[in-house]
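These notes open a run of structures that come right after.
Below are two complexes that have chain A in common, paired first with chain B and then with chain C.
Moving on to the complex of A and B:
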């Protein structure tokens, strides 16, 4: 029985929800990260157009340009606004291309991990019992090791390369998604619309895909956003430790690591600017994720 | 005698940036000591808001915009927060709906009572303990001294509600406000609690306001009644007079919608004042209609036959067998339901009636025994052509209309899912046409097709559920408490709809309810269940006129009287 009070609450909530939704999108805390992320994504997508030079093109990289300070003019006449690194590559161009690598790695690994996590989580929640216990113990084992340790071991086994990093990051992340999906799906599983679907005689696959899945994934939106930021920094860490992407296709992490050798000799810019970019990206995604959580769950905003 | 409480033209509204919701408009109420006033109305009528407004516990942004609340001559609206707190504990006691949540699970009953006694009447130590024991005894809890040390979860629902009443009485209040005090309880316990409230009211000369949706409760306990509709008090007066001779149209439809326990009526009449559900319901001609297309095949005369059915749920799992413990939810149940019959299962909560429904629907596995649908064995089988065909003949309507529809699907997709899955329509056009037609038949209209479930009220959602069930062209419908989450007028509409569909389609219905009057109105035969076994199976009339089993007699005595 829904009493009068809760009916009124429902009405207030729907009015409030619209208001909160609008207000949340317009306030600086949401707007700034969104704009920043749009800018970052734009840079990554249009890297070949935006970057002053192509850091992969060995023909134009000249050792003569090695370690130019920000603002100096390179051998071929372009201004290195953020300086050059030890090999004579323009740091600004390297950052723009590096952003590309970092985002591709983070997003692809997130997509793979999400898919695996959702499948495992839904199967565990739907079938329950022994299947659930088995899958969740694997998740437990996975989550009991630090992500960076697993990634290091995997990369030591797999070797270098962007694809290897993506695989490693996906393996590190799927368990978290699986557990989150399972938690929601187990609640949804017991609701009567699922029982109704099985009395209609639908097969399990259809029930899982059409009924359980759409009702279980909303908590993942926020988690996936925050997790993307996390995997960008894991990738950067791995690259910094020298097991990530190869130096010929620099990511933000390998740029930072690359410049680290020169930081004591005063060439701070090789590490500093990629570092700032990494910080900005991760922070923007995190703040956006937090705001998204507020928007999707207005009760928290009280 | 002076009035204990005198509310004069009170209005309460909830102000938001977009709209102002007037939850209560110009309501006047008076109450004398020793009198029970019932406030009755349906969801959203504003009855709970009145209760909360009296003790100034309105949730923001609710506020009293006009009127006076005179309590013993003093206007409660003029008190500050601290004075109001004193009034709440010492002068006005509250009893809430759910005894599960209104007691603190981490404190013993005694500690909660003594705390309240300390605060309200300032006595401490052994004196307070004695007072607590005395209070528990006055609400009918024996061995109360030993029970002071128990926690709320060690009490049953009815006992907990008694404790809540004891808490409300702790400060010797002059007024008790009870908001749906028995809604969460079984009938047998409801009767005891109502008797208790009535007795305490007379003994202690306190005024009681009972807020409820249940006319039966009002008829049993209150002296006067105020009928609320849409924020307004449409009618007030003596209970007998209002129930037998209602003046206002709304009161008339409300009373007409209450299922009677004493005799069977064909349909609920003149209930159109509220949800305008009774659109022109066309009759379905099975020879012409899509729903009838598959009905030509031969079916045996027994729709459902259940033999020696058993189901245990494990309470404690353990590796060793001797450490496991079970609850025997269904014990050796045998029954058979004839084609075209409405068969009722009635019993209190935990009697196993829902478990039977779920076993028959194949939602849980059977431990022992067999279930046949039209002579096709379906026990624990989900595969095989014959089994699937037999299962498709059976559909289920669930209790909670809020969780039985997938919130992410449009009504059109919800209803068309079985048609789509079994390819019972040749084109999309035809499918949409069928969905439109089904929605018409359940009284929703085709403009519901593109909406999502949350845009509908509970009764409308139940209609969608029914349309979905019909879309797989069932022969058997299991209705598990289909109306217990609905308002009484909406319930009347849904019950009428089910009856009409049963008439038109010749459905066999297994109807499960705890509500005896509803069973009386709906069913041809009834099985009374208790602790997982069947006490008695009889035709509805003979059960209600001449019950054979002790337990059936007991249940019938407790049935709220509706012969007003």
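Moving on to the complex of A and C:
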């Protein structure tokens, strides 16, 4: 009797699967987003080294530099290749740092939501009955409200700050994970190997963690990828609406929103370049997620 | 009859002499105006709200009128004077008729005062202007107003209350909204109100003062600034208020459009907490330990003021639509002191002052403010944070929705005390009563006496307090004004609060239309005229 973990390992080790994996990863549709994501992640991680100035250091940023066009020279001698925003921040540096904020928010909130979602989903699927009904009604209620509305209400209550945005996004997303993991787990729950495990007298915790979880997780990986892109967008929207990150430490969303005030007066670069970056990030993650689904879906990869 | 005959004659002459219509005569006698908001009611006593009050002046008169700088002018009272220290006499204008033909007399004044104070469900009542006053009819055209304490501002209070026909003393707000009761003595008659769509008023040919230049005016509420500009350019309207700053350069360059700007009495200011009771968490050393407010020292308040580049805020953030301020009143407005100027940006002097006060190494400060309440408020705070950080005060900004901000600003701290150490807020003198900003912001907080309700930083100077109270008891208004100006100078020199700028209000109109703008940023239709 093999447990779930080794089943997956077996699958990954099979020669046929390795071939499928290789073929899929070398396709341009997979390779380009991966390279783009690696580049974006690199920018975010090495922001302090890569960025020409520190846009969050108020001792450096000066409104005397505000709204310089791309290529103009700032007061301290640095060239603002992508121009400066309304507060005098170098847009290029602000994008690099903003990317960092956006990714931290998206990844952390996805991790929290994923954990909570998995726990709730597995408990619901394993125990069934009243517990399942109760937990799933909570999920239903949560999913019946638009995510952005819930996040807005939460932030109105919690106040501003990166930590609060992360909490709000985690609360918004957990239900989706819970629903997905429950759907897969409830199918797995009825299979013979789970029955075998419980007749063997294994305790519930072990069955859930060692057997049910590994076999229910693959759709979640895809969902988590797509949700990360989604939560970057939600964070951008929240910051655009002015309830997200602090104004002196803009994320991509707040940069776009700041620039919106100037778009009619011709200072397009404050909105345009962060917008392109947001688009590229979200698109790359989405395409990557789609490819991952193809790779992980046994029926599609034959 | 006679007028329309003359008009026809003029028309015939114009056509027969082959002149046709010159550019100025393209202007119809019907003016179309787009305003940023509309009144909440046509009942002039329903809500004490700027937009309601400024619209009400078209249809109704008060006993006393105000010009664009809130100087008092004769209205339905042709003159007024104090009889003794506790009583004012108002001599009413004779021969004035309401729009429904009823004659105006002292009874109407009594009825209006009574109704204004007692409108059911009023969101903000006019009772504040009638409170503590006894009204007495001397004869048909004479009214006396007496109070228990001497009050030189009774004429100001009387400029806030619209006079209605006494027949409608029991009319409901709905009666005014539908037009059943809405008869005033003002320069225009109310024709119709379609909420959210338009208001139509037409000239009162029997007006006692200078007759309006327009046969009728149609007012459309258009909330969005860019849409108002578009409506003006397209010719849908002839006059707009509150031009969106981004549209202003375009409108100024455009042929056939005139733009009007004036420094308004809307002030943006910074307030700094100046006692160490209690010690607040918003000023800390660099290890985040709260320290007593450094702003107890006048040198530190001055340092902050000198570190703020008001001109840069005007140029870079406000697109030129603000005027650096050093006091409550803009130039030309009541209570203005020519001896007070806005501080000139001087970061080196600021650093020197900080060193003298013992804060050479700086500290950490959080400034709070509303987001979206005042023009560019959040961006101004961001700029201030930059400026203060560069002289060594490491500043962070916390903005919040206005409703949350004002609650915490007033009573969010321990024991319902004001919460913040440093906060940015705004002020505009609504009633034009000259001691108002001093009484609200400068006088030591004495809740039971109505002094210092807006004094949130603990400023207290007994000398200034005495001057404010003395001035408020002087029945000779011009003498009182001198006292107020002296008190203002003393308080501003002590940085009782830090004025930042006055906003500049804007209007735009088609060529041939002119607007007599002043320090008030709301629009008064009877100041719009043909060139």
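Note that in this section the second predicted complex is superposed on the first by the 279 of 302 C-alpha atoms of A that agree within 3 Å, B and C clash if a C-alpha of one lies under 4 Å from a C-alpha of the other, contacts with A are read in each partner's own complex, and residues count from 1 in each chain.
We take it that contacts are C-beta pairs under 8 Å (C-beta built on N, C-alpha and C of every residue); 3 or more make two chains touch, one makes a residue touch a chain.
Here the structure is a predicted model, which means the values were calculated and not measured.
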item: More chain A residues in contact - chain B or chain C; value: B
item: Chain B versus chain C as contact partner of A:192, first or second or both or neither; value: first
item: Touching partner for A:200 - first (chain B), second (chain C), both, neither; value: first
item: Touched partner set for A:293, first chain B, second chain C, both or neither; value: neither
item: Which superposed partner A:62 touches (first chain B, second chain C, both, neither); value: second
item: Which of chain B and chain C A:211 touches, first, second, both or neither; value: first
item: Chain A residues touching chain C - in the complex, by the definition given at the top; value: 58-59, 61-64, 66-67, 86-88, 156, 159-160, 242, 246-248, 261-262, 264-265
item: In the complex, chain A residues that touch chain B; value: 1-5, 7-9, 11-12, 15-16, 19, 191-193, 195-202, 206, 210-211, 214-215
item: Residues of chain C defined as touching chain A within the complex; value: 226, 246-247, 249, 309, 312-313, 316-317, 371-372, 378-379, 381-383, 385-386, 389-390, 394-401
item: Residues of chain B touching chain A in the complex; value: 14, 16-19, 21, 23, 41, 43-49, 52, 59, 61-62, 97, 180, 183, 213, 358, 361-363, 388, 391-392, 394-396, 398-400, 403-409, 417-418, 421-422, 458, 465, 468, 472, 485, 487
